[in-house]
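Across the two complexes that follow, subunit A remains constant while its partner is subunit B and subsequently subunit C.
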Partner chain A sequence: MSIGSVPLRYRISVDRDQCMLCGRCVDSCPYGVFRKEGEQIHVNSRVCVACHRCISMCPRDAISLVERPVDYRSHPIWTPQVREAIYNQARTGKIILSGMGNAQDYPVIFDRLVLDACQVTNPSIDPLREPMELRTYLGKKPSHLNFKTVEGDTVLQTILSPNLMLETPIMIGHMSYGAISLNAQQSLARAVTECGTFMGTGEGGLHESLYPFQDHMIVQVASGRFGVDINYLERGAAIEIKIGQGAKPGIGGHLPGEKVCADVSCTRMIPEGSDAISPAPHHDIYSIEDLKQLVRSLKEATEWKKPVFVKIAAVHNSAAIAAGIARSSADAVVIDGFRGGTGAAPRVFRDHVGIPIEAAVASVDAKLRSQGIRNEVSIIASGGIRESADVAKVIALGADAVYIGTAALVAMGCRVCGTCYKGLCPWGIATQRPDLVARLDPDYASVNVANLIHAWTLELSELMGAAGINSIESLRGNRDRLRGYLLDENIMKVLDIKTVGA
Partner chain B sequence: MCGIIGVIDRSRQRMDGTGIRSALSRMDERGSGEGAGYAAYGAFPDYKEYYALHVFFDNPHETKPLVEDELSKWGTVEYQEAIPTFEQANIRKLHIPWRFFFKPDIHLMPRSITPADDIVTHLVMKINSSIPGALVYSSGKDLAVFKASGWPEEVADFYRIQDYKGYLWLGHNRYPTNTPGWWGGAHPFNLLHWSVVHNGEITSYGTNRRYIESYGYRCSMFTDTEVVAYLFDLLIRRHGLTIETAVKALAPPFWDEIDRMPNREQEIMRAIRLTYGPALMNGPFAIVVANHDSMVGFTDRIKLRPLVSGESGARLYISSEEAAIRTLDPGVGDITMPRAGEPIIGRAQ
Partner chain C sequence: MTELQDAIRIDTSGMHYTPLNRAIRAAVTSGVRRIHLDNIMGQRFIADGLRGNVEIVINGVPGGDLGMFMSGPTCIVYGNCEHAPGNTMDAGTIVIHGNAGDAVAHSMRGGMIFVRDDIGYRGGIHMKQYQEKRPLLIVGGSARAFLGEYMAGGLILVLGRKGRSPLLERGIGSGIHGGKIIIRGDVPDWNLGVGARVDKMTEEERGEINPLIEKFACYFGLDPQPFLTDPYSIITPSSARPFANKYTWEV
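Here is the complex of A and B:
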């Protein structure tokens, strides 16, 4: 015990004048911050994760929370976070685990991009009066069409690959049953069905209770192959091969055995209580041609009726990798930026590996166009999409559609406390404990998520209308409608955009 | 703003430039006196087998040899001349317009099905992007573009377009916002057989340009209109679409409408939108596009710019304004207004 305890991260205090001893805080907190003794609520701030569940449940607004109530001697390099990580590792000798997305203070490119609007020379379009088209098709497109005239009628000769039809370019990314609760998945599934879009199953199989929503679900095949059988593949609207994840490029996944309850074990097809380990590489993919074979195998298994996506983490070489994927039979490439969320990732990966989605999408789109194969795959952007403006900007940089993850969870109550890996999510999202899961009511949560997608869709329509665009395909890759605000020249070159005022 | 007009004589009877000059001048309210232009199909019956390359030289002594050198790599120049011009009070002769009648050597482009066209396209892109001070602004056979900075009547008189004859004429009266005063920025824009006059602004330009450039075209004129010429060239010449299908790709019906179409039509329209999504042109526009055999006019999908048409015997007129058509032909019958995205097509026999 030479290091001693580190200072509190959060201090909870209860206003005794306001508190009516109802005990809701005690019931709310699975971490054990509160206990009621006699006529008083006692607090152990040390275990608090700042999930805000107690605060949101307190009927008297009696609880307050202060972050870092104890100052360290300030230092620009040896920040409290750095020091605490060292104390932690000095004590444990282990890798530090973290949740949610990248917490490092990198500049956010999205926040240095501004969108265009029409004035005088071209009229803006009012989405309330004029049609505004956000419908998006994901999948392979032919490079050109062949027609034949038969007895005066024009007949299409080209056969189109199956595409997914989205009523809005906003989908919900892959969060598995296991990482999140079944109630959370059901809420998301009902929301995407309502909104005419899609969600990913993650690598956790497809629970029976989600079968009614299967036409809106993209089933994932990842390196652990959990839950994969022909029934699973055939139920999905599309299949996604997961190679990597933005929050932890280059490494696999690990669902601790405690989270593998009976139901999760059935859905994943693994023994109850066993750790579910997804290895870093797929053990049958050691090169691009191996990936091509897996794409074709999945296509064969499902009689070429389903689009197959390939998801990679955004890394330096994303553009070349995407060009390789475009040459396989794959229909879309998902690029997951380094701000992508996760249930659990080593902190060093979450914060230091990978590149931002803005740069990755721009370089992938440019590379595919330069090789004349942009039509071979759709581009799905994910990782760090926080609001409708981000959607508009990333589509203007070349994406066809986006996956959101964290934003959808926040719509269900998540406070981004980043403690998903503990399995005690007080909001019933990232947990399998039945009493906590029961806190999330799909009847309400699904409406919240659907509201979010609707709201972003409306905002996207307004942004497009203001830019004089009435169809999403005219925004896609339309980098002329973006300007960089205080972005450096190299980044603007990568994004292929001009500066404000130019 | 901008005013546009096109006329085709479907029996290929040639008209001199007098009529189109007065029709375009009728729309001076739509211009600003900083740019106007005309295109005439059937202008060079004596050289109809040769590509008529029209070039603006800033300084012919310096750059003409470079252009000639480039041309000589790919074929032979049969005849060349400085294009005759006649001084006008308000036109500063910033460029020297020149004309080459050029025959490409098709053996130099062995694996193409349209080698001559491909060579000329290559030359246009090469010269415009790599020889500063030389701009090829017209490159088709038997057709001429006349354009400069000035009012329509001044530009017409500068070239004396009344001395030229054509069975199909386009005219454009410019209100520039982008590149005022630059002759290259005036319309019509031309590539090979395609000429375009355009009123409007293409809000999807960034998408369209990147799409067309992935097929080897180089946009070098700093304006949105040139992509229209390239898109027509790609869709019709290289992809073999009909004019009707090409227009459907560029200004397609809305999904709501497509969803209500009969099955087969729906399948075709869906395929067109999926395949040619990046070619879809958005924003306010009215466009007239011509080639040797036809002229087509259409507007954006919600018709944010005016376009009317009229017929008289073998002649079909398309213009921004009825007054211009009536100036060109007082005897014209009914004037009709096409629906948004609906093409008006005139085909020569």
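Here is the complex of A and C:
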């Protein structure tokens, strides 16, 4: 008791003049903020997580929410967050788990990069009139082609590696069934199928109801090997080995038993209610040679018909690691920056481990080019892609395509409240509670997600057109179309870009 | 053992694993029920992802990940095995007339592995079970450190056939949260990993393992008798939630 309770995180208040006592807020809040007593709505702000479900449901705009209604004595170093983490740990003696992505106030490199546009000397292109080529192929490209002439015809002799064909360089990253609901996965799957792109299954197996979309699903093999069997591997359009995750580089994952309901247990292939523990490393990979062994085992199991991706967290020596991956027979390397989202990660990892995706992609691309092996793997950037401009910028820094995660959830209603780990997501996304899952209707949510991908794709083609570029291939690694605005010289060297005005 | 029809023999001298696996698949598809692989020398991934009712007799020393993702076939190895035979295996049987390397039965989900002699480090790591699928690893000799690490289901049985204590090393069952490790003889506490506990075997458990021991002995032409009455130690999780007490939520 010596520490006492910490101040309220959010204060909810109801404007009694506006309120019509419809009770929707009471029904919509799974945390129990609201209750109706007589002719009044009463609130318990202490349990509010700022998910905004009540606010979006209230027909009278009667609800308001204020963050940190109680001030601490202000101090630039001893922020409320720092103080509250100490209170928490002084009480419990435990590691703090938190949700969503990096919450530390690091500068965002994307926001210090500006794109180019044509004026006078080279004409811009109108995407309405001219074809814009956004189709992207992921996978190995041959370093050269051999042909032979057979009876006057030229025939390709080089055996090509399988590639994924994307109609837009925007894919949806791995969010497992278990971390998110089946309705959420179905919505995403329908959206990517509609848009001609792909999504990841996450480490949770592939639920039967997603089989119709399997040609647009990338199946994941992570250290827990949950849900992995030959049937699963053969269904995926590609296979992704998850080595690390941007939100928590270097550590494993842990789906608490409470979230392993009957259906989740069946796709993960573990008993109901048991913890699903993914160890930090794959215990058959202790070196880059071992990684090659796993890549090849997956190719061999699927008769070399599927591209195999390897996902790593963006860390200090990502470039050297990616060069190793490029030589492992893998077809793409996914780099997950330190802003990547997650259902739950130790706060100290989420906020302090890893590097930004912008720097990681640029250095990986540069390293692969300098070693002459850029064609061996595609680069997929993920972790903190918030809008189409980020997509354009990261492609100009060398990526082939991106994975979005949080942005796709936001398109389905997610308010980035960061409390996925409670398993009570009021938007039916990060929950397995049937009444909450039922709130997310795949008929609508899939349209919302597809709309987002379409809109970004349109913006991307406009940005390219304005820069006089009519093919995504010509944007890729085209650092000349980027300038750094108030970035320091070292970062610009890593990104290999010039400053504005130069 | 049942008489299998339609046997073929492949001389694998100098053969890379991809054409070898292709030949195996083609044979299985065409209805071959037994395949003899002669002169195996380090080819990896034999029977990787293979389905079907086929017996593969491997003469020589196969490379790593024998029977990975395998779902149904039987592999009988006359020789030692490299690392991780039965990696993420789904169903089927692997019988090894010799030793095997590290991470035997890694993440195995179903089926059986019989190793006549010793295995390396981290045997049975992260084995798991689900419904009727309960993987089994029987080691005739001894196992090195971190046996059954992160184990989530299934059964590991170590017989210590050569008369010495089957496990001389530490970390048995560290992070175990399901399944069972059974070791002949006593297992002192200092051999246990974090989260594991040791108990004496019950008669019920003996009733469960004796048929398995007989099966093991039958595969290798050994006398099961000495193993049927000896005392065994049972290692199980001390909690189904080994990590539950490590964390506190932010809010």
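Worth pointing out:
Please note the rule applied: the second predicted complex is superposed on the first by the 502 of 502 C-alpha atoms of A that agree within 3 Å, B and C clash if a C-alpha of one lies under 4 Å from a C-alpha of the other, contacts with A are read in each partner's own complex, and residues count from 1 in each chain.
By our rule, a contact is a pair of C-beta atoms (placed from the backbone, for glycine too) under 8 Å apart; a residue touches a chain by one contact, two chains touch by 3 or more.
Only a predicted model underlies this, so the values are computations on that prediction, with no experimental measurement involved.
Of the two partner chains placed by superposition, only subunit B is touched by A:131; subunit C is not.
Residue contacts after overlaying the shared chain place A:121 against subunit B, while subunit C stays out of touching range.
In the superposed model, A:257 lies in contact with subunit C only, and not with subunit B.
When both complexes are overlaid on chain A, the residue A:473 reaches subunit B alone and has no touch with subunit C. By the touch criterion stated above, A:160 is placed in contact with subunit B alone, subunit C being left untouched. Touch criterion met: A:419 reaches subunit C, while subunit B stays clear of it. Of the two partner chains placed around the shared chain by superposition, subunit C is the only one that A:88 touches, whereas subunit B remains out of contact. Across the superposed pair, subunit B and subunit C touch subunit A at no common residue. Contacts from subunit A toward subunit B in the complex involve residues 118, 121-123, 125, 130-131, 133, 135, 137, 141-147, 153-156, 158, 160, 163, 369-370, 372, 374-375, 396, 467-471, 473-481. Interface residues of subunit A facing subunit C in the complex, by the touch rule stated above, are 9, 49, 85, 88-89, 91-92, 94-99, 223-225, 228-231, 233-234, 254, 256-257, 265, 269-271, 274-275, 277, 279, 283-284, 293, 296-297, 300-304, 346-347, 418-419, 421-422.
Residues 177, 200-201, 203-207, 209-211, 213-215, 238-242, 245, 254-256, 264, 267-268, 270-275, 277-278, 280-284, 301-302, 304 of subunit B touch subunit A in their complex. On the side of subunit C, the complex with subunit A involves touching residues 17-18, 21-22, 25, 44-45, 48-49, 51, 64-65, 68-71, 83-84, 87-88, 90, 103, 106-107, 109, 122, 125-126, 128-130, 133, 149-150, 152-153, 175, 177-178, 240-251.
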